[in-house]
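Next come two complexes built around subunit A: one with subunit B, the other with subunit C.
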Partner chain A sequence: MPRGFAHGNVFRKLGGHQRRMKLLKILVNALIKNERIETTFTKAHETQKYIHRLIDIAKQSTNDAYTKDMVGYWADDDSNKTKLFNVLVPRFAEHSGKYTRIAMLPTWHIKDIDDHKKMAVLELKGNPLPPLPVKEDNPHTLQNVLIAAAKNDWKAAKNTQSVSESSS
Partner chain B sequence: MIVCMLIMNLNKNSRFISSFVKPTTRKRAFLCWNKLKTCSSNISVYTASHNEHRETSLIESREKNELQRRSLLFDEAKKQQLADRVPRIEKIEVKYKGRVLTDDAVMFMNKNLSTPYHCAMHIGTGVANSSVLAVVTPSDAQSNSTSVSKVQTSHDGELVTTDPAKPEQLLWDIHSPLPFDCELQLLKFTMNNTLQWQHEQVNKAYWRTCSVILGAVVQEAFKENQKIGLLKIPEISVKSGAFCYDLLLDPGMRDWEAKEEDLVFMSKVARRIISRNLKFEKLELEAGTALEIFQEDEQKMNTISELLHKNGQDSSIPVYRFGEYMDIMEGPLISNTAHIFHYIVTALHQVSKETNTWRIQGLSLPEELKLHHSVWSVLENRARKLVTEDLPENCDHDTDKSKKFNMHRYESIENKTKNRSKATGQWLLKDWMTSAEKIDPTVSN
Partner chain C sequence: MNDYSREQLIIFSFSDAWVFLNRYCCIIMSTRILTPAVRCLNYHGTETVNIISMRCRNVLKRFSSSFVQPKRPTLKSDGSKTSFVPGREDPKLFSSEYIPPLVRPEWHRNKLKYRLERMDCLRRRNVVNIPEFYPGSILAVTVYDPHAAGQKSRFVGRCLYRDGFGLGCKFLLRNIVEGEGIEIVYQLYSPVMLKYEVLRLEKWLDTDLRYLRDADPDYCTISFDMPAEAPLPPTEELPVFKGKVKMKKFELWNFNYHKAWPRPYNAYLEEYFVEEDFMEQKVMQEKRGHGHLQYDICKHYDTRQMKEEITKEMKLNQKRIEAVDKKIS
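Showing the complex of A and B:
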């Protein structure tokens, strides 16, 4: 099995290393500017990983050389840079983890074509546009209620632990 | 007496009475046989070597006879109620409201005979198998208020409109018959995001059924010479993480601690009960018949008297029966134990040492909402802690005793009840270990 498909991970080449980098840079900038873009599924899946990493870097809010390098390369425009720090970081301040959502578009009209591409829509969460018809988890079913309660317990325990650590 | 012995099968484990005997003589014969057996056990003509075995086997059969007696009385009461209510078959109109307008249907069903399950079967087997609770709104109240749609009164110059009386939405078991014209809605485990109240009711009913099954497990698991009183099912929300049952154990077990093996054993006993796919039948009994059924159980008599005290001396007592076991329970329950997928007994905590009350806890999930084993183990660890939601704050239970079993991170009580194929080691889905022995081997009092 080719290395790129081990453990369920997909490492896509997207036309070569240089081409891939340029493509992803364009897509990341477009996503920050428009907050919702429509591409093929593979490109959207790749940009998800880079956007998550970029927002994590920006959230750390340290002014060292690494962040400057990364943000300088990936958020090219000045407007994008300001938007990243002034809009996106406060929006995702309490949000830990996945900041984007992918919705697949219908394929019934293009399946008969040989080289059809599966199109998808990639959007940042919490954007002001009308919501996508994506199936969210039902928060009222039994297993989700139990999981949410367990999460709250764990968080409360963590808070008390941190409080006791800080006080001691 | 000889006639009784001829009628009954002499095999002590058989419940099947010969079918050519009339029911009334059958009942009388069974009760006589019961008395005979208990009399014979009192006459001690045992040899020294067989003493213990004989004793335990006689105690076992006494329990079994008790359960059989109860279910016979239950059957009698059920037949009588049917005869009272259905002198001849009358029709009622049932309006079924489905998920979408096009699923709506109007059906003419039999009064006091047909259940929401029968209505669902008219629509489709998928609906019938996946529906778990029913919401019934009797349409009598609506027909009265159609003439008075809105009342406009001028009060201090302002118009005040009062809406007509809203018909009550009653929660109904799927297998209990409908006595009036109504609108019917069937609830499942997963429905639309927006229906919060419906989901809450289904979850509550599921939690209640699991507690009731815990009661049966406790009766089966402990040795017969231990006296166990099932106190009550505390009203605990689903968010607390485990369903509970309060018990009164033998006074000799005050210093006993439940070990991991005991819990695994009890989970296997629960599996044996659940695997029989038992229906939950409901009956509203009068106080007299209920007291007759639960003669030999102190705690149940107490609960009956409490219920009568609360609701009035003439109220009926709702009793649920599944298989051989019976329990007094108010709210609606799930239709069938076949819906249960995960089921484990997670903890047995001693709530207070003085009164010797214990709390047995468990965790379970239905077939439609299975979980990956990693998420399940997180929930399981949470369910091992004592649920303190409805206990008073100054309760004297040990909070320092954190029951940490020596379990590896990926081990769980559920993993020990799974049957794995000998070739590959993979879990054969839905193949669980059930325990055959009736007696709890580690409880050696």
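Showing the complex of A and C:
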């Protein structure tokens, strides 16, 4: 998966600013409604960024003019808005960071049309649909067990440090 | 109309005035009905008349208009508030140049560099008092100039914008001196800057006021002898200026200010277009302007959570600097 583009650009053009905004709005709303959508890889990658940012904004749960404006623009339907606040925010409350997953589909070869689209599936984590055949890391290998243990130790140390700071 | 001055009024004998008052007292107090005999007593069309004689004064008291002396203006701070207003804390602990710049992708951000630079800013602030000011406020700045008399030079101007991070923070002062518009960009933390005086602290809704170049020149003509206005104590909220500036004709603009984003609030920009041009400009704005940035959440820079961390860090830095200075001395 590409991490970043040259010259610090991180966003694709997707046919112009206005078109891009409208397209991403449609995709974000579809993702919130259906929790799993199939698009081209580039569009899925862009919507990932926007859905992460939108859920971060919704998580902060302030009655700002900013949050109202942004959520009012991006979660178009009322049903989408309620779903965002009542379903997705509690689901991802302790989840920090990436809330979605992309899985690549086999390339679309059609003999007559020279259209080798790279299709992908974008889904929100924790959705009720049957799981995608995505290769997740094996949690039972020795390395992954040690890494998980180290993570827990570090978290515990951080918690005790914060407790001692707050008490003193 | 005969406008008699006060000195001329005194010439009339008070007995005459008494006679006039007795007959026309009810008429004096209404400025609508004015006979020529009474007009001479009417001092510049006001209802009350400054007459020295006590007799006349007593007569007038009965019929004088209900003049209520205005209340003495009270000081803005009554000492009940002791903490700073949230927007106006100590600029040493938090200022707009402490917020790190937005650099994408994320791993290009060097947090150590930002922390060190903020520490250096604090060191400089301990030497020179850099007051809080916003784009729109009027500043006077004394700068070291080896070729000037007394090795100093002073410039007064209105701050149009303030940009940059850390030690590279710059601000632009504009003034119209003898009909010539002069703009100077100063670096806030340069060792050449000797003294800052905020003559008038204003805060405008816009942070980029460069459209004042093509606006009414009154906003940027500031005399070098302007006295400093009374400083607002930091326990009071600073009122934000929400008025609108009148621009020159559209043909004289050097820049398409109406296409900028965020769209300037403090200026009458769209009012200068004829209806047909207005629709055209709107379409162009949507196509080639930056209106899409309003809802582009990924391109927004969310700095709301940074304030607390930065103030914490700067407090620690103050203690560190004190400790190091103690050790050295």
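What we mean here is this: the second predicted complex is superposed on the first by the 152 of 168 C-alpha atoms of A that agree within 3 Å, B and C clash if a C-alpha of one lies under 4 Å from a C-alpha of the other, contacts with A are read in each partner's own complex, and residues count from 1 in each chain.
In this section, a contact is a pair of C-beta atoms (placed from the backbone, for glycine too) under 8 Å apart; a residue touches a chain by one contact, two chains touch by 3 or more.
Everything quoted here is computed from the prediction, not taken from an experiment.
More residues of subunit A are touched by C (comparison of subunit B with subunit C). Using the contact criterion defined above for the overlaid structures, shared-chain residue A:163 touches neither subunit B nor subunit C, since it reaches no partner. In the superposed model, A:146 lies in contact with subunit B only, and not with subunit C.
In the superposition on chain A, A:18 makes contact with subunit C only, while subunit B stays out of contact range.
Once chain A of one complex is fitted onto chain A of the other, the partner contacts of A:26 are absent, as it touches neither subunit B nor subunit C. Judged by the touch definition given at the top, the superposed model places A:136 against subunit B, while subunit C stays out of reach.
Shared contact residues on subunit A (touching subunit B in one structure, subunit C in the other): none found.
By the touch criterion given at the top, residues 136, 138-143, 145-150, 153 of subunit A touch subunit B in their complex. Across the complex, subunit A meets subunit C through its residues 3-4, 8-11, 17-18, 20-21, 49-50, 53-54, 57, 69-70, 73-74.
Those residues of subunit B whose C-beta lies close enough to touch subunit A in the complex are 189-191, 193, 195-196, 199-200, 202-203, 206, 238-241, 365-366, 369, 371, 375, 378-379, 382.
Chain contact summary for the complex, subunit C toward subunit A: residues 103-105, 108, 286-287, 292, 295-299.
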